[in-house]
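Across the two complexes that follow, chain A remains constant while its partner is chain B and subsequently chain C.
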Partner chain A sequence: MEFLLNPYYLQMAMFIIINAILGLSMYLTMSTGQLSLGAAGFMSIGAYVSALLTMKAGLPLYLAVPIGGAAACLLAAVIGLPTTRLRGIYLAIATLGFGEVVRVVILNLKVTNGALGLSGIPSMSIMMSKAFIAMGLGDGLGPLSVRQLGNLSVIVILALLLVGLILFSVRLNNSRLGRAFAAIKADEYAAEVSGIDTRYYKLLAFFMGAFVAGIAGGLAAHITFFIGPKDFAYHRAVEILLFAVLGGSDTVWGPLVGSFILTLLPEALRFATEYRSMIYGAILVLMMAFRPQGLISEETIRYWRTKLLAKKAVQQEEISGGTN
Partner chain B sequence: MFWQQMVNGITLGSTYSLIALGYTLIFGVLNIVNMAHGEIFMFGAFVGLMIAVHANVGLAGALLAAMATGAVLGYLMEVLALRPLRRRKVSELAPLISTIGVSIFLESLALRLFGAEAQSFPPVSSTQVFDLAGVKISMVQIIILAISCGLMLVLRFWLEKTKLGKSIRATSENIETANLLGIDTKKIIVLTVMLASALGGGAGVLVGLAFNAIEPTMGITMGFKGLAVLILGGLGNITGAMVGGLLLGVAEIFSVAYGVSSYRDAVAFGMIILLLFLRPEGLFGSKEQQGGR
Partner chain C sequence: MKQGMMKKLTAGLMAVSMAVMIGGCGGTDKAPAKSSGAAKMGVISYLTGAGAAYGESIRQGLELARDEINAKGKVKIELVFEDSKGEKNEAINAANKLIHKDNVLAIMGPTLSSEMFAIGPMVNQEGVPIMGTSLTVEGITEIGDYVFRNSLPESAAIPQSIKRAKAKYNLKKVAIMYSDNNDLAVSGYKTIQQTLKEEGIEVLGVETFADKNTDFSAQLTKIATLKPDAVMVAGLYQEAALILKKARELGINVPVVGNNGFNSPQLIKSAGAAADGAVVASPWFPGKDDPKVKKFIADYKAKYNKEPDQFAAQAYDALQIMAIALEKSGSNTDRKKLREQLAAVKDYDGVTGKFAFDAKRNPAMDVNVLVVKDGKFTELK
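This part shows the complex of A and B:
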């Protein structure tokens, strides 16, 4: 127990959840067949806006993070409005360029502290620890110290948020909105002819992705204590893209699995840190060549579902056969 | 002052045009955006530098070596990352993702091979400066302008007049029809990718000369500028790429000269966002969407 609860593993768990949220943000935009490479840019907006709000304006976290997401959404409008009229490739390039512009602006603004980045961002786990101390749990609870309690409660909060977002996405799939998204993804022209306002839905999906990425950025900032412009450069954008490409963007589960693997993989491959980008690059090329739908596609899920159901049926039969 | 900035801008812009031409050629024929073009360009610059430092063959040798490197990398990319995607029906974004993979692979390879520090280009030409009615123009600038304009003119002529050039244009117009007319489109695709990458490699040497410093990460920054020019000029439009590159170069130099130097790298995308609002098909693009869908 003590072994599992060391700060490193707890931090890892937080990063896995943050990355899973980023994977979901990719999924939301990709569910209309659009490719946004701006997740890193939107994340940085969310991170900087919310960090500045908590540091300079003293806003509470539960307000600062959504405001950061909204700010990301606002900037998404600037790119989304002209590009969603056009072919998908425009959005991909414009969002990529947007990430670069955001990086340059952050590097040069005074309020963001330029290349040095912002440090001393109030940490969520310390906030929670303080709350526990105020509740009279300064000595910890049972075997848990107050620091572990703080960290664990942050993980619980993040996990709840993630579960909420997953439920939202699953629910979305079965709604009118989700069906419109799926129709646009399958064939944009056919969808338009069928009376779907493709531009509106494409914009909406793009905004949702940007908002979720902004939220993830705000949360990440309040976990890591420090953010700098380098954290959100091209490589980060590619890494987030990889979540969706490796896992697959057809279902909600794909990007989640992708982000899980890709957060743990660098830890497992510590000896090959120098080759990390090369491996990532190779994965992108190989996935596109051999399995463009990603590790988890709709067929994968259907296959496992039928297999599991069959197994269950066999078991039930055995049980009922035994009693007879 | 104004004309001085103009000359600097056009010199810089001519290298952007050369980079953007690589994007445009590939987009024209294959209908994909080659995200690895910036890294091929960067490799060209480094090989050119190595050759210029160690082999003592002068500028021409460095340029040829860089172009050859570009062509080889282009060939490898075509075979390994693009061809497998053509065999099956994939979305138009799949090649984009695949070439992003190539781009970060090449970038980290360059970091391993050449190191992360910026390296300065050896003085391969004289540092003479000419004075034309108050406008100073250096020998390096003249060389850059001459080579990039020369390459563009040759390309223009070659595409316009030769049989191969015509086949490339036919293929970019409509690949099925070109195939029916007896053009070996497979060969044309390989040729186009190699040609575009060779131009990128050559541009690497010129940018190395212009900035006098090259580093592995410049593939990303310059690649972005090439992309901006691609949109600025209209996807797949060769004239657009040439003029768009010059425009971007001039706009950048003026933004540096009149105050906002640290935002230089943001100018390109500021321009395209504005353009996408006003004229999404690009400055020289036609209103019709290419190939229906």
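This part shows the complex of A and C:
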């Protein structure tokens, strides 16, 4: 228990959940076969809008973060209307360019404090701690100190949000919408001929991805005290793309596994000091060489499902065989 | 057949990566460690990535100081290095690991101001003293009572160089150039503007550029037509060197007053003869006629086979200051006492000059204003 409550691990858990949400945002857009590299840009919009709202306008977090997401969505409309007509690599380049434009605009605005970034953003865990103190739990609850309570409650909130998003994505897969997404991903022309309004569905997926990325950005801003334009440069866009590429973008679980591994790996490799980045890179190369489709593909899930089902069937047979 | 192999390989790879992860997560020891009788100091530094040269200098300066302090034997210091890659999230993880897993007494670093803004509030809340050795923007020590720095803020350095340059060159009207996508340069630009206003120097024009730009002819041609008495530049040495070269090429032969970015031997190396007339305020002056400075340079050269730069010198002094406070606090585990003693440090005579913390835990120290003359930094008198 002591081990799990270490703030070092709690902080890592927060980063993992935020990155998992970003991975999901990548998955949502990719489920229509669109390769968008705009996640970092949308994330920065969400982060800056919600941070400015809590800092300058004093809005509560539960309002500021969704507004940040909505702002990202709004911008997705501006960029999405012309660019979702693009395909494959062209969309990737356009969205990457969009991310850079957002970064440069943030760099030059007064309200975002330019290159100096926004510091002193209210922290979610401190807010929660204060709420607990107001509730009369200033001395903590049982073995937990009030700071641990604050951290834990943040993780619970983030985890609930993530679970909600996962449920949404899974449910989406089996809905009319999800089927349309899958059809577009498999073959856009065939989908269009079959009467699917591809432009509408592609835009919708793009918006959903942007909204989720904006939410993730708003949350990230409120657990790190500081945001600057450097945090959302193209390397961030590539990092988010990696979640989906490494984990696999066929299923919801792929980007989740990818973000989990890619967030933990650099921390786990800390013992290797200077060799850390090298080992990290080598692992990525190996993964791509042996699993170009990503760690988790539909076959992987089918394979394990049949295997587990087979085992269950065998067990049941044994049980029923025993009674005979 | 091939499919089966693939599956096995994948499973193997996943197993290996999982094992690495679990291995990396193991082992927690509670309560500040004092097994070897040494005080454990964490260091967060930019050791890999684009700015690794800064982090490496800092690491070397710290190691040199540690070896000297331990050889003297009054206090024993153990350094635990963590890489931040110059990224905020990495720095947060590093700080959390140092505080909650390694249970360090205090933290040196991080290298970048943006990293300090991200970790400072958390470290301060935990009551761990943290001292930046390379942070020059405004608002660092305002984060909290446990946040210190021994590096001179630009807001203290730039006014000195402008004042000295004004006295020497009789400046009346100047032009300004700064990198608008660099936090240091933007902060420096603000200080330049304010100082010029206070000194009653007229600003003829302001031109901006961006980090990694290579062509400055448009901005400098404009400046050349304004005929300023001097050009103020805020940027990093890479761009500063190119600006100096182009300016001299366009016949702008007036002094160029720079921010801390000018404070690198690399500036002279890259700009060559064009660097002559560049003015910068620096706490570190390797040409100083002081036995302490000479010994530091000799020791550093003997150990690392290169000249120490400003970052190494400041890191070296920072750990020496830490050691003084540690000795006075008389404890290898009491963070609060260490903070009190740190705040009380004064009259330390280091390689970057006489040092004391002011009431806001910023350094109160002498500044050398340097000018490049015949390819060398010399004091501007």
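Assume the second predicted complex is superposed on the first by the 296 of 324 C-alpha atoms of A that agree within 3 Å, B and C clash if a C-alpha of one lies under 4 Å from a C-alpha of the other, contacts with A are read in each partner's own complex, and residues count from 1 in each chain.
The working rule: a contact is a pair of C-beta atoms (placed from the backbone, for glycine too) under 8 Å apart; a residue touches a chain by one contact, two chains touch by 3 or more.
The structure displayed is predicted, hence computed values, not measured ones.
Shared-chain residue A:Tyr280: touches chain B; no touch with chain C.
Once chain A of one complex is fitted onto chain A of the other, the partner contacts of A:Phe98 are limited to chain B, with no touch recorded for chain C. Shared-chain residue A:Met288: touches chain B; no touch with chain C.
Within the superposed three-chain model, A:Leu107 lies in touch with chain B and with chain C [touch as defined at top].
After overlaying the two complexes on the shared chain, residue contacts for A:Ala159 are found with neither chain B nor chain C. Residues 104, 107-108, 274, 276-277, 283, 287, 290 of chain A are contacted both by chain B in one complex and by chain C in the other. In the complex of the two chains, the chain A residues touching chain B come out as 33, 35, 78-79, 81-83, 85-90, 92-94, 96-98, 100-101, 104-105, 107-108, 188-189, 234-235, 238, 241, 245, 274-278, 280-285, 287-290, 292. Chain contact summary for the complex, chain B toward chain A: residues 33, 80-81, 84-85, 88, 90-98, 100-109, 111-112, 220-221, 224, 227-228, 230-231, 235, 262-263, 265-266, 268-270, 272-273, 276-277, 280, 289, 293.
Chain A contributes residues 2-3, 6-9, 11-12, 15, 104, 107-108, 114-117, 119-120, 123, 126, 147, 224-226, 228-231, 261, 264-271, 273-274, 276-277, 283, 286-287, 290-291, 295, 303 to its touches with chain C in the complex. Residues 6-7, 9-10, 13-14, 17, 20-25, 28, 30, 47-49, 81-83, 85, 87-90, 92-94, 96-97, 99-101, 114, 117-122, 125, 137, 139, 180-183, 185-187 of chain C touch chain A in their complex.
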